[in-house]
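Next up: some structures, all given as structure tokens.
Below are two complexes that have chain A in common, paired first with chain B and then with chain C.
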Partner chain A sequence: MNIPLPDFWIAYFFLFWVLVGLTATPVVLRHKGYAGWLGALAGLGVGVIGGAVFMLLLVVLDPITDSLDRPFLGAVISILGGAAIILVLLNVLKNFVPVSGGGIQAVGGPRTPVAYSTRVDKVDPTWQAMQAVRASVVIMLAALTLIPVLWMSMTAFKSRADAVASPPKVIFEPTMEGFISLLTKRRQLNDEQIAEYEQRDDLAWYDEVMLERGQAIIGQSDYVKRLRNSLIIAGSSTILSVGLGLLAAYAFSRFNIPGEGDLLFFILSTRMLPPVVVTIPIFLMYREINLYDTYPGIILLYTAFNLSFSVWLLKGFIDEIPREYEEAALVDGYTRLQAFAKVVLPQAVTGIAATTVFSFIFAWNEYAFALMLTADNARTAPPSIPSVLGTGGIEWAAIAAGSLGFLIPVVLVTFALRRYLLRGVTFGAIRQG
Partner chain B sequence: MATIELINVEKKFGEFNAVKPMNLTINNGEFVVLLGPSGCGKTTSLRMISGLEAVTGGQILLDGRDVTWAHPSDRDIAFVFQFFALYSHMTVRQNISFPLQAQHETKDTIRQRVAEVAQLLRIENVLDAHPSSLSGGDQQRVALARALVRRPAAFLMDEPLGALDAEFRETMRAEIKRLHIEQHATTVYVTHDQIEAMAMGDRIVVMSAAEVQQVGTPAQVYHNPANLFVARFIGSPGMNLIPGQYAQGVFNIPDCGPYAVPAEWQPALNKAINGEGKVVLGFRPEAVTVSAQGEVPATVYATDLHGGYTMLHMDLCNNQLVHARTTRETQYKINTPVRFDLNPSMVRFFHPDTEKAIVREVTA
Partner chain C sequence: MAAVAKVTGRSRRLSEPLDFTHAQFLSLILAVVILVAFIFMPWMWTEPKYNGARLMSDVLVQGSLKNFGTIQLVLIPLSSLLAGGVALWGLLGAERGRWSSLLVLASALLGLFYYFNLYFMREGEVAEYIRDNVGTGFKVTLVALIGLVLQILLSISPLNLGWQRVSRKLGVLKPPVSQKMIPYLFLAGPMLLYLVWVIGPTLYTFYLSLTDWDGVSTAHYVGFDNYRTLFKQNVFTESLYNNVRWLAVFITIPTTLGLALAMIFNTEMRGGRWYKVSFYSPLVLSWPVIALVWAWVYHPAKGLINSLLTEGGITDNPPGWLADRDLAIYCIIAAATWRQAGYVMVLYLAGLKNVDPTLLDAGLVDGANRWQLFRHVIFPLLSPVTTIVFIISVIDSLRSFDLVQVMTRGHQGTQVLANFMYIEAFNNYRMGYGASIAVILFTISIFFVGLYLWISLRNELEY
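So, the complex of A and B:
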């Protein structure tokens, strides 16, 4: 049988149907009064059969869609059509599952008490099963977008040979080679020196790893410093832009400022120009006032860029906090600054979290300014990752390790603030003041 | 506890008069209600007393001390907001302790004072809960506790019962009144609900269109309204107001017939309008007695039973409705003709142009 899809997609869709079977079938069987383990077992079967039927449908549908003479569109149509047919089939088939006579009571339905939802439409097994299908779609889409990240993470732990192997190796022996070559400077050894090094017993594990490649570690690489620069610069500019933004947003939100609308528009207008346009003028200015390649220079620049964003975002959040909160604190004997710190800040924590993450990601990710306005002292990680390219061949493992290391702080910050983010991103609408 | 004096206090937003120059003295321990329809400046007045709103003219004295430009935190007053303004990120205990922390009280004092007010307001069992998990009534009790715990010179309350359910409102109204009697605290209370104002106030300040219309006890504003606005606004339904023509001791209801003005009113009317002219006759629904021998004819328009009494709506010569309070036993058929009399001591007269009440010299 000739399934008109590459191997990867066959596995991918098969996995999808197994996931659908595993999550949706137990819902239906539970409603019919069967035990949980039976549902899971049946689910696996349904998933595998569903996947097989799907492949079969693709084979059948392929000649029909081929007549379109548009290969990609044809593939999409047959995939969606096949999926629709199977879902309809499953939905019909579930009505033929006999209700279990065994002692387990059916859950849900109009005559049984409801323990997990008060909405009648959400008790219906079809709704719950469809919820499982929807979840499966989301999981598979998430998996698809995470594949590059996964690939990068794998490459970071591959040896130099494995990294460039073709076909790519999915199963390999993990090694720290990539990280070590990213973080160190090394010297190529000749055979004699290798023999000499192998005699020594004061070598650390990372020396041993590199010795296998015939290299000796002679010091720290620049990347360590770049990463530290990135942390300092992104951290400081985030703190500054969120802090200043909070004060400005509070003032805009609570006081009658003459020309408030114009000022807000002026602040926003700094965003209306692609940053790259101003890099040359800024470069010339910075060189003149000795800010080129300094921490204050680049922190100032990132803060200025983030400030417009943070003022607008935070103003939306502070507008939503009723004035009575601070007024209560004022009559209770607090000064305005105290009321701000004790009442407004805790209420605005969602907005602060969202703004922090956005500001941090911008400063952490910024490439063009960092490339133009820093050389060595204040150079950040993004422009330096490409320069890790080693002598005599591209060090893919080292590049992947660098990217992975670069990814981690953002993940940590976002993860730490995730509790506030969901509400922040969806509800903190920016409003005209 | 303290007296509050407002001397020509006014507030303008640009050209718009939010509160026209206002004079008011609130005595020590008094419960004064600012009453008026929404947008009449009553909340603005309260916010000016608290310092949350700056005055644009006049003086505010607190116990003789000029606090016109003092920061809200320096005035030693407590404010209870309509929507409670409880801090959702703090527990009830932290909410109540919050004003005491501003005064740098010791931890022991704070714990003791919180326990005292919690007992007073019966919220001991919710001290460690978060405000969002409480009922409306309990949230209001917490807001009151936060105001009480500081023992301030005066309490300002801005429609504190407005956000509560009807059933809670009755209970909380009684609780606040009881609290005021026990604490004997100077209180300024803002409401648009005239029943609430009548029930709670020692004195009522009726406001409308940024101006004070009348200051008086509940009985005074009910029985002797200073002008047509107060007469209409107080009471439910308000005073019956019938415009007509007065001449030689007789008030002529247009298209309807004469009503003999009680003798004690005649000198006052003669003096106010020179013996003859237009006046407005006013009387409360309970001044009406329906009887076969009654002086004024009307037809029954509608009746509604209010449980304890029946409100009878009569059409006065196809002209205007008159509301009368009758016993609950009496039943009237729609469109039957009736006649009624007015209790002479409950009749009032108003000047139709100035809208002010015509005052009768009381002879002892």
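So, the complex of A and C:
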């Protein structure tokens, strides 16, 4: 089954009208004193009417404007028509529906719209309803911005033929082909071999998927190795940079170090420089001491570059722990190290977790250093996803699968840590999110 | 104290508790030594690239060295991690000393099993070959493991008490660490790493830019020749120009978009958090992934945009996007904008949260309309955030490398400075020449980064 693209836009706008109706109408009815479910029901009605008018106009106007050689005009008029009908319906509801059981309006409130009041409950319903409409617009926009990512996620589950179908397929039969061809090396079989393979009963499900394409799996692809490299390198450098960063952050936070502020900003500033500035000397140094394309080399490099970030972020978190706790511990006879380990560390656990995750994301996503300072042994996944492009024709499904698999861990972690996201992406300059 | 002094020597010795701190510190250090030897030193032969970690990984995934390692190699990192963890656990609780000492012994024996297995259990050519060709890492690890075993001796009470007395005597000899030095001890490790990997190379780049080094032969000092050639080259001008275009787009479009989005999202909205996530989720995506997704969107024949254009019947002859010399750089910048807008929105949202609502109410009372409110109250209050946004945009536009490298590799008139440097230095092996491009890039960036620092220090950007 296949949906031609104009239909996609029709569905998109129909959904849009329903959303507008659903969000704006309950606001109006709530002010009249009606129950929420009634408002939602009316909202659905308003939205569907708006959508229906839109589609009706489109069907009627399209042939006319097409004959006038202005294909866009019909669509524009229909969109405006849909919007007009919804606004009219909302006004009708506002002016002609009787107030039930007192209603909120009876309480009063400013007549002119108050956009940024602290007294939210007393804002004019018109303004609230319009805000709901605006919100709907934004939701539909958000959906549009996510289309590239969503499309990529879909392509990852398409078969080779579906991935390049034109017009693009929205509904398709999901398959793991992309993932399997990303992770395996395969051999093309001739008809005899296929028949022979089909007789065998020791085939795993992934063997069977590839057999339909006439291929036999003969081993892991390089990408598996790259992913594992990514995991080892990002993991080790994260542990190192957070560990060292914790020590430095503690020192910066608790002791008076001359020129502390300047030093910190200086450290942070290097994180902002283009990384290519230092790659040539590092490349030469690594070649001299045999660190080129090795785990230690790339791990230490990432550690050094993430260190500035982790020091900066951790210092902010440690600053928030009252000094008095440690001072009490020191009075009780703890040494500095014990006080650090037993008082500061447990309190800073959330901060450490957030820093760990951000360091990991940076190291996991890093591309430039990995491209220039590794070749095969220690190469990570980011530089090798694009290189799938070059080998044996473009396998969009495999590329999409690679990208998707690569970003899933990061996205999960981001959702878990969205409270600290802002702090992380601004290097701790902004503390709340 | 007087009562304690009266107790006879023998009974005092028995009442004194055993001290395991030294044993635990020793275990911790040895565990780190094992890990370092395993990862950095040659496990076999003499080159560091044949380290234990490489051998182990090759065995696990059937890499090129699968015949020379053994699967038992896994025991080494395992035992060192266990021993380190147990030692740390013991260090944090004095009463667990004896237990942690025993557990460290157990993990050391686990590691030693590898050696036992290699020398006494395994037969055949491979085992013999390994025995004949062991490297430094192999030996260091063995010594460290034996050390881990020996630390158990400290749990024998006469030895432990004896050691305590010796260490107390030695402690008197040890120069006292002055209180002033403590912060520098904390900072020493990080600073060293930082000096070697960041400061040193940056300075060395400056030197290299004055030579004609190709990475193989000896370098000759050529003065400012590299820079002279650079400014005569069209590619350089083009790269610089593209960086400026990137910058111009970056400080206008994503900033405006982000501010608009932030204004919309600033009001309380049911589920607003989730819409926000959809805007800033591109932030955590890796650049190569973004580049690939957009490369597909722009694909001339099968791409999303051109499918929409041709299928929608809008045009039969859509533009080639990345294949079009005039459009390519703007296509790449548009992809970057897609990511940047969410970033800017997040920054402005944080700024808006700090705007005092009473100021807005005051503005309303004075009869300001919404535009005036925004123009004269909100926007001035947001000025520190605007500064951050501007400078981050500048810095990000100078860092642009990944998108260009993946999407066009600098063809179609999309060369930027960073990519130009990469091609000269790593594809053409003109290290000195590449370094001079890096220096120019560095100079431009440091100007803006310095500006950022200056403004930040002045405003104390702490929200």
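Keep in mind that, in the parts below, the second predicted complex is superposed on the first by the 274 of 433 C-alpha atoms of A that agree within 3 Å, B and C clash if a C-alpha of one lies under 4 Å from a C-alpha of the other, contacts with A are read in each partner's own complex, and residues count from 1 in each chain.
Going forward, contacts are C-beta pairs under 8 Å (C-beta built on N, C-alpha and C of every residue); 3 or more make two chains touch, one makes a residue touch a chain.
Computed from a prediction, not measured in an experiment: that's the story for all the values here.
Participant: Touching A:Val410 in the superposition: chain B (first), chain C (second), both, neither?
Facilitator: In the superposition, A:Val410 touches chain C alone.
Participant: Is A:Pro322 touching the first partner chain B, the second partner chain C, both, or neither of them?
Facilitator: first
Participant: Based on the superposed arrangement, let me know which partner A:Ala156 touches: chain B (first), chain C (second), both, or neither?
Facilitator: Touch partners of A:Ala156: none, neither chain B nor chain C.
Participant: Tell me the contact category for A:Val20 with respect to chain B and chain C: first, second, both or neither.
Facilitator: Once the two structures are laid over each other on A, A:Val20 reaches no partner at all.
Participant: A:Ile79 in the overlay: touching chain B, chain C, both, or neither? Say first, second, both or neither.
Facilitator: neither
Participant: Which of the two, chain B or chain C, is in touch with more residues of chain A?
Facilitator: Chain A has more residues touched by C than by the other partner.
Participant: Just checking: does A:Ser308 make contact with chain B only, chain C only, both, or neither of them? Give me first, second, both or neither.
Facilitator: In the superposition, A:Ser308 contacts chain C only.
Participant: Please identify the positions on chain A that touch both chain B and chain C, taking each partner from its own complex.
Facilitator: Comparing the two interfaces on chain A, one with chain B and one with chain C, the shared residues are 342.
Participant: Could you pull out which chain A residues touch chain C in their complex?
Facilitator: Residue positions touching the partner: 4-6, 9, 71, 113-118, 120, 131, 134-135, 138-139, 142-143, 145-149, 151-152, 155, 164, 166-168, 219-220, 224-225, 228, 232, 244-245, 247-248, 250-252, 254-255, 257, 261, 265-267, 269-270, 272-285, 290-291, 293-296, 300-301, 303-305, 307-308, 311, 336, 341-342, 361, 364-365, 367-368, 371-372, 377, 382-383, 385-386, 389, 396, 399-400, 403, 406-407, 410-411, 413-415, 418, 421-422, 425-426, 429-433.
Participant: Can you tell me which positions in chain A touch chain B when the two form their complex?
Facilitator: So the residues of chain A touching chain B come out as 322, 324-325, 327-335, 338, 342-343, 346-347.
Participant: For the complex, which residues does chain C have touching chain A?
Facilitator: Residue list for chain C touching chain A: 39-40, 47-49, 51, 53-54, 57, 61-63, 91-92, 182-184, 186-187, 189-191, 193-194, 196-202, 204-205, 208, 215, 261, 264-265, 267-269, 272-273, 275, 277-289, 291-294, 296-297, 301-302, 304, 307-308, 311-314, 338, 343, 346-347, 349-351, 353, 357-358, 360-361, 364, 370, 373, 385, 388, 392, 395, 398-399, 401-402, 405-406, 418, 421-422, 425-426, 431, 434-435, 438-439, 441-442, 445-446, 449-450, 452-453, 456-457, 461-463.
Participant: Going by the contact rule at the top, pick out the chain B residues touching chain A in the complex.
Facilitator: 50-52, 71-73, 75, 77-79, 81, 83, 85, 87-89, 98-99, 102-103, 146, 150, 156
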